[in-house]
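Going in written order, the chains are labelled A, B and C, and every chain counts its residues from 1.
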């Protein structure tokens, strides 16, 4: 009979490592959010009012990404791109996979929001002499943002949580650091308890950021303020 | 928000105070059960893999079968992964692991090792065309290793100017070498011939030896009777030549004299 | 040991699909049971129960499912329980599903117009009866499309069980890949199977949503 007792004595030693990992997780997520949204805006435009062929291309992209696991997408980019002669570091591969993944989900969210904007507004925009992409950006997208912001913020959280899988392709984000620490000190449960808590803190920090952005730029009045929970 | 934070902290603190005992399962329990659970990693050919009939096979499985036969119980193979093998053992989900575990001082503080059953020289591997003679040549190169393995520790300490890519298991790091994501691979001495069979044309070879550890079975701390039995079992297998037999069959090398702990 | 990729290998991966399907099916049922419990906790007048349910949902939505899986897989030993990879995955994914399902269903209940509650109150229906006879049937109808959408998310998430060694689609792919070294073909095939499983469900969910949208516009 042997006894297993929890111990957190390793924490002070591993703290810097965990901080580095957490920072990379945050950085990857922020970059993925910005770049993913860019793809999504183009995708939403292509699917709702762009040229037909481009709409089909984005349609296939969205369906393929949304119906396959992120873990496989990571494997694909990491082991597949070299056969095309493209070599990216694990961190950049993880970022690429996150951007592509988020881009697909956000395309669908933004498209749904855009299509909820009444037709009259688009026509009014065209009458003011704006080009088609300008109409889309200024007349359609900005009003739609109010509707699509909450689901979009939810999707941002999902990609942050998804970044934990990048450990499988040796990117040194938080989960990867956790695995390394656990494989050196075998305090497996303790390490994962601490890291889960760190994720919780990061996610809530992101949610506060999202809510602040919404309340500053998008909320039309105090009754529409976005909360964190 | 405050409420939530308070709740989370209290849950965490509650967990700290917990101490629990793992189920004690020693030799008599295994015999009573009529089954021994052996942890083997199925992604480490030739030590453990699924054969063409998709059945668990390899040196580790064969040794596990000999062990079960010797105990006159049934063999149950618990499939583990590189990172889960020690936790699997500590959590009591396997009686013994035979999963390419090299004897190291760090691991000996966590699990109890038997006498070695095979040598496992660790080498740095690359295609023939790559010129690498020592750690000095690895500057600027990418070296793939399984996370937390002995080769990870050696490379991390010595190849200070290289980028080290740490994967969950042997398979991931091997894949990184083959696809060109890594320039070098830290792995066992049996890997180059296997690699040349799978990815012909590049003539993979061992560039230099990192260390020469030995692989051993491991049990959870405190399982004295089981450990004693395993060491006696290994002694008998060596004496009867049965260990050498499966080495010839799976590893295609002669084990020769093995040291004891 | 090391062999050329053959039809047997594809059959093996294909046969592992049943484990992905079984795991998803059991987890969604387990998730629905716990999820209903959570919804009930949110609806009862005794507020602390509701807060507990909110905390639970927040925890599972704000931590990576991989960590939840690790905590169940390794954490069982703290309580002297040994979990097989299958049991650990089943428990972790059931808990994970229950949080998302609770969130979806509460949203659907909230979406029922206020006057429905008020009308039923005017008939002096007791609260539980209002929920059961007036609100639940309407909420059930609008909850189907997002629940189907979540099922797709769950099927994809079960791929994480490969990381703790449970042999489902991705893990089966890893086995084959490690003795054949053809990652693009092997993982491409695995991705195709996921797509074949998930895409019809996605389409079905979307069409249900459109139908619902049309019927609501008419009303």
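We take it that contacts are C-beta pairs under 8 Å (C-beta built on N, C-alpha and C of every residue); 3 or more make two chains touch, one makes a residue touch a chain.
Just so we're clear, the structure is a prediction, and the values are computed from it rather than from any experiment.
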Contact distance in steps, from subunit B to subunit C: 1
Farthest chain (mean CA position) relative to subunit C: B
Distance from subunit B to subunit A - Cα centre to Cα centre, in angstrom: 36
Chain centre separation in whole Å, for subunit C relative to subunit A (CA means): 20
Residues within subunit A bordering two or more other chains: 4, 6, 79, 83, 168, 188, 193, 200, 204, 229
Multi-partner residues of subunit C (at least 2 other chains): 54, 58-59, 74, 77-78, 163, 183
Sequence positions of subunit B contacting 2 or more other chains: 4, 8, 15, 18, 20-22, 87, 90, 168, 175, 179
Contacting residues of subunit B [partner subunit C, same complex]: 3-4, 7-8, 15, 18, 20-23, 42-46, 49-54, 57-58, 79-81, 84, 87, 90-93, 168, 171, 174-175, 178-179, 194, 197-199, 250
List of subunit A residues in touch with subunit B within their complex: 1-6, 8, 78-79, 82-83, 87, 89-90, 167-170, 172, 176, 179-180, 182-184, 186, 188, 193, 197, 200, 204, 228-229
Residues of subunit C touching subunit A in the complex: 54, 58-59, 61-68, 70-71, 74-75, 77-78, 152, 156-157, 159-160, 162-163, 170, 183-184, 187-188, 190-191, 194-195, 198-199, 202
Of subunit C, residues touching subunit B in the complex: 1-3, 6, 8, 12, 51, 54-55, 58-59, 73-74, 76-80, 82-85, 163-165, 167, 174-181, 183
Of all residues in subunit A, those that touch subunit C in their complex: 4, 6, 63-64, 66-72, 75-76, 79-80, 83, 157, 161-162, 164-165, 168, 175, 188-189, 192-193, 195-196, 199-200, 203-204, 207, 229
